[in-house]
Amino acid sequence: MKKKKLTALLTAVAMMTGILSGCGSKGAESAPAEKTPAADEASSEQESAGGENGGTAAAGDAQPITIWYYWENEGHQATLDQLIQEYNGSQDQYAVTAKYVPFADFKKQLSIGASADELPDIAILDSPDHASYVDMGIFEDLTGKFDVDNYYEGTVNSCTVDGKLYGVPFGANCLALYYNEDMLTAAGGSVPTTWDELKETAKALTTDAVTGLAFCSVQNEEGTFNFAPWLWSTGATSYDINNENGVRALTFVQELINEGVMSKECINWTQGDVMNQFIAGNVAMMVNGPWQIPTMQSEAPDLNWKVTLIPKDAQYASALGGENYAVVTGGNVDGALDFLTFATSEEKVKFMMNQFGYISADKTIAESQFAQDSPYYPFVEELNYAMARGPLAEWPSVSDAISLAFNQVITGTATPEEAAAQAQATIDGIVK
Amino acid sequence: MDEEKRLSRKTNILFSVIAVALLCVLLFPLYWALITSLKTEQEIFQNPPTFYPHILNTKSYAAQVETGDFNMFRSFANSFLISMGATVIAVLLAVPASYGIAKYHFKARKAVLLSFLVTQMLPVSVLLTPMFIMFKNMHVYNTWVAAVLADATIGIPFSVLILKNYFASIPKDLEEAAYLDGCNKFSAFVRILIPIAKPGVMVCAIFSFLYAWGDLAYGMTFILDQEKRPITAGIFNFMGQYGTKWSYLTAFAVVTIIPVAIIFIFMQKYIVSGMTSGAVKG
Amino acid sequence: MAKIKKFFRYENVGILFVLPAFLYMLVFVGYPIIHNLILSFQDVNAGNLVRGTKNFILFDNYLELFQDSVFTASLWNTLRFTVLCLVFQFIVGFALALFFSKRFSFAKPVRGILLVPWMIPITVTALMFKLLFATDIGIINFLLRSLHLIEKNIEWLTTPGTAMFALICANVWIGIPFNMILISTGLTTIPKELYESASIDGAGKVQTFWRITLPLLKPTIESVLILGFIYTFKVYDLVYVMTSGGPVNSTHMLSTYSYKLSFEMFKYSKGSAVANVLLVILLFVGVFYIRATTEGEND
């Protein structure tokens, strides 16, 4: 008890001293802090000159620029870091640092940061969320500052609201069908191109130990992302589900479950979990994205797999994913723009995309990014059929209604017709 | 004081066996976490599951020490600092408060007690934004102090509620004896009553420490720099956009538990004697 | 000056003891509570969080909530979850406390080790149980099948009813040490002499328990139950990590739904309203507790 009392006392004293001496930490109040009131314009000249809590660099008083990102993959983090080091070394006006904010916390931190006026200068965020933040008014209008003419339409759409550009696409990715080549050959099957063929092949590949197909069906944005290709392949749209197309899509998923070719566990599997199942040999085919490839190659180098387009119902379809850069209003906009100009140059884009396992959002780069026999190539082809989700400020609510619908169908708590009707009712309430 | 009757040898053995059996059943999840951490990812997904790792995989433990920006030792230090800070505040403020409520029946007493309870009645998520704003204005955002201040708000009301029972159970005669000896109210409190309420104070310190140790929300929201975050934040390294890596995750769990468990085992003597010393004489 | 001294002379000196803690909580939690209350009466979403006007719509949010099937479901889920968890963790914790109060060789170390579930961060525990309850690779299904209690694997976390059961198991596992240790220390406040004189008087074990142990433990039991109720009612991390409120919203609790509304759907005011409903319910429970425990307490 004495020992503990003493420790406690010492700690208390240390703390009090800390508090009273106003212990703010070094990086805390740097760049994002001094936000000019409401009618901010990009006149950050004044703010930059102000840079009192100076940040990182020494003599030249480089202005600190903060980036928030959510990639927890070590490789991604290292790559981003390398890009930043290169930029910092190439000039001495700005010093960029990147902060990792876990994916699960990212939206929360942006909301809280917006309320408390504590935001980064640049945010790298998930494309379907972009529109909501534009609605919030925290992203800078970048129209005319970046040349996105050659970018895939979907990627640009995700950060365009009312004809104005509020971000720059970081990279594009989409979903495609992976299949275990050895299992397919052993079962004597051929690569499926239509829904019927897919079901046949999946059935042939399903054994006691292996399920034929899997894709993430969690009740959240990730799940909606994975359900969208099926929905859109029928011709239905995200806002118009309660029709024979939408119902057909839901019925298809239901049949996959009921006929035992897809496990119900998919409603608990993230795309990463699905990949783990695939490389463990528990699942013969999966729908997943190209960012998994680096991990798959390192963790299961002997696995024989290939990629093909997602089988179609009426038309080929896939969902567009990826992140966007966004510049935060009221932050150090000049510095942010300077960094982004550097980061979106062709050479840097190629570097980042290859390291990340992403496809460039710039069509001209994407088309020459991969050799024809590269596992990434089918994804580039799939991009031609990939559409973006939204963009809509209320997309999260729409997405929620959709993911609830296919979850109901998978768990058997509603029929496809009921689920579609319920989803439609919610969606109508939002968009109309 | 008379010693409690010792149990007969047979009963002693019987109870000990039951105790160990209980231990095995209740701690099975931990055993499972331990062996999962030593299996390869392939083996984890094996059907039927194996009860011990057939292939030993220590990669997951190596990854615990350093993964990217995350450094285990630094994170532990952060957690420890934050938890100690929160505990100190909680104990310093709650002990007198619970004494005041237990012994002095002033008019607003019930309201005060209720208000301490009320502070626990909102889910953490809605407290985050206003607290964030406050911490930013206090210039402690992105420092360990913010986490300490936030975590203490859990420890204080809890401690007040538990401790008041201890103080209430101390008979008046002890206090009166102290006054007779010349103490005023405050010194009586410090010299006589706190030592007797030791079991309660110990329990409160432990609970406050553990709540702060296990906190994720406050540590994540109010601290932006990875290197300042508590150990709980490390969980995101193994559970993110890219799926759950079970062997790494369970290794993380084991590693998070060990230091706290060690502290407890060493402090066992103090803790257990503190908790079972008994507050009251006949 | 004399007046002040007089004010603090008798019972009111207690106010001085309480003041630091009270002020601390007032600042750090009182302000958030008020902020949240105001937010729930407004209509705030992404569009007007930082700019534009926040209109007051008073109780509209609350009225809309009661039309929301997910909200009503989460309300019942939270109540059910809390009551069931409390019952089980209290009974088991109590039994263990009694068991370990006997002096046998392993009593102290085993009791100490049994505290461990409580030391693990809840997010970690949630993930552990997610693994245990997994349908195909989970050890629980394996054990149940080996014991021939079930034929096919139970889809614990992908079926609405069983998911709740799995959550309750996990929470009870975490809650047992909490109950056990508090009741254990409560037991130490009972003078041993009472037990001795009871046994001299020929009282049996059961009688002693009901007549001496329980009544004297009343304050401890009350504190344990009320705190347990409040903390369990607020459950968030466990549910968020283990089921995220699924499958199909069947395990959404008030706190997880509040979070989802605020931070995933940008409906901040609605999220605040849900949180306030939680607060009001707990307030009733709290008032009831205060009345029950300070009744008949005179100086």
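Each chain carries a letter (A, B and C) given by its place in the written order, and its residues are counted from 1.
In the analysis below, a contact is a pair of C-beta atoms (placed from the backbone, for glycine too) under 8 Å apart; a residue touches a chain by one contact, two chains touch by 3 or more.
In this text the structure is predicted, and so the values were computed from the model without any measurement.
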Taking each chain's centre as the mean of its CA atoms, which one is most distant from chain B? A
Between chain pairs A-B and B-C, which one is joined by a greater number of C-beta pairs in contact? B-C
Gap in Å, rounded to a whole number, between the CA centres of chain B and chain A: 36
Centre-of-Cα separation between chain C and chain B, whole angstrom: 15
Residues within chain A bordering two or more other chains: 108, 111, 115, 117, 282
Check: chain B positions touching at least 2 other chains come out as 45, 47, 92, 129, 244
So which bits of chain C are touching at least two other chains? 136, 262-263
Quick one: in the complex, what on chain A touches chain C? 38, 107-108, 111, 114-115, 117, 132-133, 135-138, 218-220, 263-265, 267-268, 282, 393, 396-397, 400, 404, 407-408, 411, 413
Which chain B residues qualify as touching chain A in the complex? 41-42, 45, 47, 67-69, 84-85, 87-88, 91-92, 128-129, 132-133, 136, 139-143, 145, 148, 198, 205, 220-221, 224-226, 228, 233, 236-237, 240-245, 270, 274
Show me the residue ranges of chain C that touch chain A in the complex, using the header's touch definition. 46-47, 49-52, 130, 134-136, 155, 157-160, 244-249, 262-268
What does chain A use to touch chain B in their complex? 1, 4, 7-8, 11-12, 15, 18-19, 22-25, 27-29, 70-74, 77-78, 99-105, 108-109, 111-112, 115-118, 209, 269-277, 280, 282, 291-292, 295, 299
Sites on chain C touched by chain B in the complex: 10-18, 20-22, 24-25, 27-33, 35-36, 39, 96, 99-100, 102-125, 127-129, 131-132, 136-139, 142, 173, 176, 181-182, 184-186, 188-189, 191-193, 196, 219-220, 223, 226-227, 230-231, 234, 236-237, 254-255, 258-259, 262-263, 271-272, 275-276, 278-279, 282-283, 286-287, 289-290, 294, 297-299
